[in-house]
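Below is one structure, written out as structure tokens; comments come after it.
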Amino acid sequence: MSLTQKLINDGNAAVDEMLAGVIAAHPEHLWRPDNAPRAVIAKHGPRPGKVTLVVGGGSGHEPTFLGYVGKGLADAAAIGNVFASPPPQPAVDAALAANGGAGVLFLYGNYAGDVMNFDMAAELLEMEGVEARTVLTTDDIASAPRDQRGKRRGVAGNVFIFKAAGAAADMMLPLDEVERIARHANARTFTMGVALSSCSLPQTRRPSFDLPAGEMEIGMGIHGEPGVRRGPLRTANEVADEIMDAILAEMDAPRGARVAVLVNSLGATPLMELYILNARVAERLAAAGLTVHKTLVGPYCTSLDMAGASITIMHLDDELQRMIDHPCDCAMFRQG
Amino acid sequence: MSLTQKLINDGNAAVDEMLAGVIAAHPEHLWRPDNAPRAVIAKHGPRPGKVTLVVGGGSGHEPTFLGYVGKGLADAAAIGNVFASPPPQPAVDAALAANGGAGVLFLYGNYAGDVMNFDMAAELLEMEGVEARTVLTTDDIASAPRDQRGKRRGVAGNVFIFKAAGAAADMMLPLDEVERIARHANARTFTMGVALSSCSLPQTRRPSFDLPAGEMEIGMGIHGEPGVRRGPLRTANEVADEIMDAILAEMDAPRGARVAVLVNSLGATPLMELYILNARVAERLAAAGLTVHKTLVGPYCTSLDMAGASITIMHLDDELQRMIDHPCDCAMFRQG
Amino acid sequence: MEFTAEDAKGLFAAFAARMQAERDALCALDGVIGDADHGIAMEQGMNAAAEAAKTVEAGTLQDVFNAAAKAFLNAVGASSGPLYATAFLRAGKAAGARPSMTAGELRTVIVAMRDGIVQRGKAEPGQKTMLDAWAPAAQAAEAGADAEAIAAAARDGAEATRQMVATLGRAARLGDRSLGHPDPGAVSASMLVEEICRAMRG
Amino acid sequence: MEFTAEDAKGLFAAFAARMQAERDALCALDGVIGDADHGIAMEQGMNAAAEAAKTVEAGTLQDVFNAAAKAFLNAVGASSGPLYATAFLRAGKAAGARPSMTAGELRTVIVAMRDGIVQRGKAEPGQKTMLDAWAPAAQAAEAGADAEAIAAAARDGAEATRQMVATLGRAARLGDRSLGHPDPGAVSASMLVEEICRAMRG
């Protein structure tokens, strides 16, 4: 079988070359410590007395994670290989380079590898006298039943959850509060996605899984992990309905409640299709009596070159709305 | 042959459904006149005494064109069918809905269909007593030789050219000046792209052309028009070098000159690959003694679901730098 | 044989049916040297034109052509939109503000369409455009050729675009790579001419 | 037969060569129930481990294992990184701060690796993880089985993961859909055990 079509040089060098390109493109927003090439730090944002928000995970989800490093959002990101949690060292480097002295919050998606590596990083930081806490994002409602929320994966909802925690930290709230708000944001954020094609890793350039034309994978993870089931490819409205049915049932928001919406591309799906999905999402939310406070549409949390999309709904309250509205200035996400 | 994988409902309704989703997502930025569903107008921006900048063209290039409608950039966009110039009416509607009374500048890519339709629109506007001028973008250096600049296509360079003209209009410069700056921006903007896969139209869901695995099309247009040649798929550095060789030769900027850079996805190519390209672009510019003033990386001017990328370099001078740095606030592009 | 306003509506219905049938083939031709949408434009445009023509009540030939022109343009845009809209406006003028004409006068409609396309698109024969089907058809019509011969002239003209290097429109940037492939606009044009000639024969 | 620090370096070189050879196959296995990168992680990790081991000068067995552990972790991250880094640290402790041991003592290395994996990953047998290869291998080693039998125990353990429903790691969200597919981490583990057993036989 022929290799998948990619603009890369050496698959093993892809992450480091990407980071070089990111730093070259965004010198006003991002920098890297000399001896920590996999720690990306915000130029503005970190400051004395501020809780240090460190996000991170495997590469291949750009603009997640490094695109959300900046004033008002994350202070730093630890960058792993493609679809692989970073080892502890970059997480430690990131936390120390951005350390404001008010404690560190590690905020990242719930995956076995990430948990083990960030836990080791937290241990190393504690050894250096830096308080480190962890909040795991678990917004992928397709990845475990409702009563096992703690087992779920973190996917595109990261964007809203990071945003809320980043705003809390930027408001100089103490570590307890930033942690509480991160957990609160996670508890009210719900995502589900579908894949229309496989992604392929730059190192192998083979499809990660087989997905025949005419089929889709429902409940797809953001690493090409299989979802809940295969089914025939449906229309945008049918897909939006299936996802919205599941999210609305779980979210159980009263009429009149406000929400934030993210219609996300998994990589290869263009804006036209996302906005077609959003037209239906907006209809469904209106029918449920919910008010859309904010909508993001685009490639916010991707899976390399996978075709497909996810829908995230965050159930706002006054506090979360304030956090979501708070300004931020990142290389790949600006607001306010 | 099976249909390409897309999240759509009815191919013929795709553009209108997309627009519904855009308006639902961005009510703070965009609106449409009741009887002109294909005219998208900036909520903020248009105002008395201001030159009205109207962009437009076929759909399928999102966020071009409608994503660049907003304060500090375009006042309105006329939206065509997929890869098809809008007819004159939406262009007229767009111009009238955003009319500031200081004249209208139509700014769009140089394609036979767009020229005919916008020219008809300009005639209709003149009949209503509204002065309308036209500037065509011709940044695609692969589409005609250097001495036939006027025959070239307008592609991703649109982003910088629209930005410069939009800034000029936002500064309340008169129509002559806005037109001059648009032409000046176009003259100093150079783009070339490669395709790694075909796109497919929502109406047919067939690949627009055949591109065997292992090959790429060099000098690809943004509608799947064939480029200058086929060749084996090369590495990111080789692709960047081929494009940069061509652009640098044409641009002929003295050492010490400043440039703006856009590394653009044609739709399906993710950020990782774009940033890998940018790492090489930055190296090449540094080697040529040029200073990168600003870099944009992402899907800015796409061709539906085509895989591939283009590189645009704008050769700045003080005036263009001011225009490029001017703040803007569009649904899909914010700055300053 | 008469060609009435009702027949004109029928002609647009025939255009629409033909373009619907040929849509994917025309898109495939356009995909080779253009942007793969010509069949879509022609189908949408002719559907809209036929719809609009149908709703003209007790109108003249010109009314029908005018309604079709406007509908085609607004449904399509693209290159085909202004070209065919202008062609239909000219055709309507030629057919005139009268309820009917002889079927033979459809020759003047073909000529007028050619003229409208030239007026709008400024093409010359040999540039590998739809004009390379309309021009020989119009020449044959001007010479009084029969329906068969006019249709054949359009078909041969379309076929001859294979050997042309495009110098106008989207394919103009291709250089020699456009050689060997027919122009989609010329191919669809020859089909439209065929439909007109069918109407001429009654 | 002695197993020296140089032999330990050779063992890591053998791990690296084996993972390089099996990379794509392991990725394909991971693609079915995980994220398709297990072969990459193991190849990169073992390459780094072998490189780091090679540069240990006049060190003890423990020095070699420690260097490999650190290098593996930093090259890989992922799930495999902490699991194998911890396993190698425990293995180094078992092998000891001495220049060599008997080849038969590689049995304690296998047992220590299992313990390290359990310590770090908190898995239990039957959850469809690499532990399902390491645990039977360690049990056989503890019982004093010969190299052949230990390797067979690991292989059988890996094969048995086919019939398990994953409850840990990436595949845990698959439910019954993980049935019928072996766990990639268990398969690579059985390969590593094979390489250790080859070293045991000399």
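Residue numbering begins at 1 within each chain, and the chains themselves are lettered A, B, C and D in the order written.
Methods note: a residue touches a chain if its C-beta (ideal position, glycine included) is under 8 Å from a C-beta of that chain, and two chains touch if they have at least 3 such contacts.
Predicted model only: the values in this text are computed from it and were never measured.
When chain centres are set by their Cα atoms, the one at the greatest distance from chain A is C. Spacing of chain C relative to chain D, judged by their CA centroids, is 72 angstrom. Between the CA-based centres of chain A and chain C the separation comes to 53 Å, rounded to the whole angstrom. A separation of 31 Å divides the Cα centre of chain B from that of chain C.
Applying the touch criterion to all chain pairs gives A-B, A-D, B-C.
Residues 12, 58, 80-89, 111-113, 116-117, 120, 142-144, 151-153, 201, 203-204, 206-209, 221, 223-226 of chain B touch chain C in their complex.
Of all residues in chain A, those touching chain B in their complex are 2-9, 14-15, 17-22, 24-26, 59-60, 62-63, 67, 194, 196-197, 202, 213-214, 216, 233, 235-237, 239, 261, 263, 267-280, 282, 292, 295-299, 302, 304-305, 307-309, 332, 334-335. Every residue of chain C that touches chain B in the complex is listed here, in rising order: 23-24, 27-28, 31-37, 39-41, 44, 73-83, 120-121, 168-174, 177.
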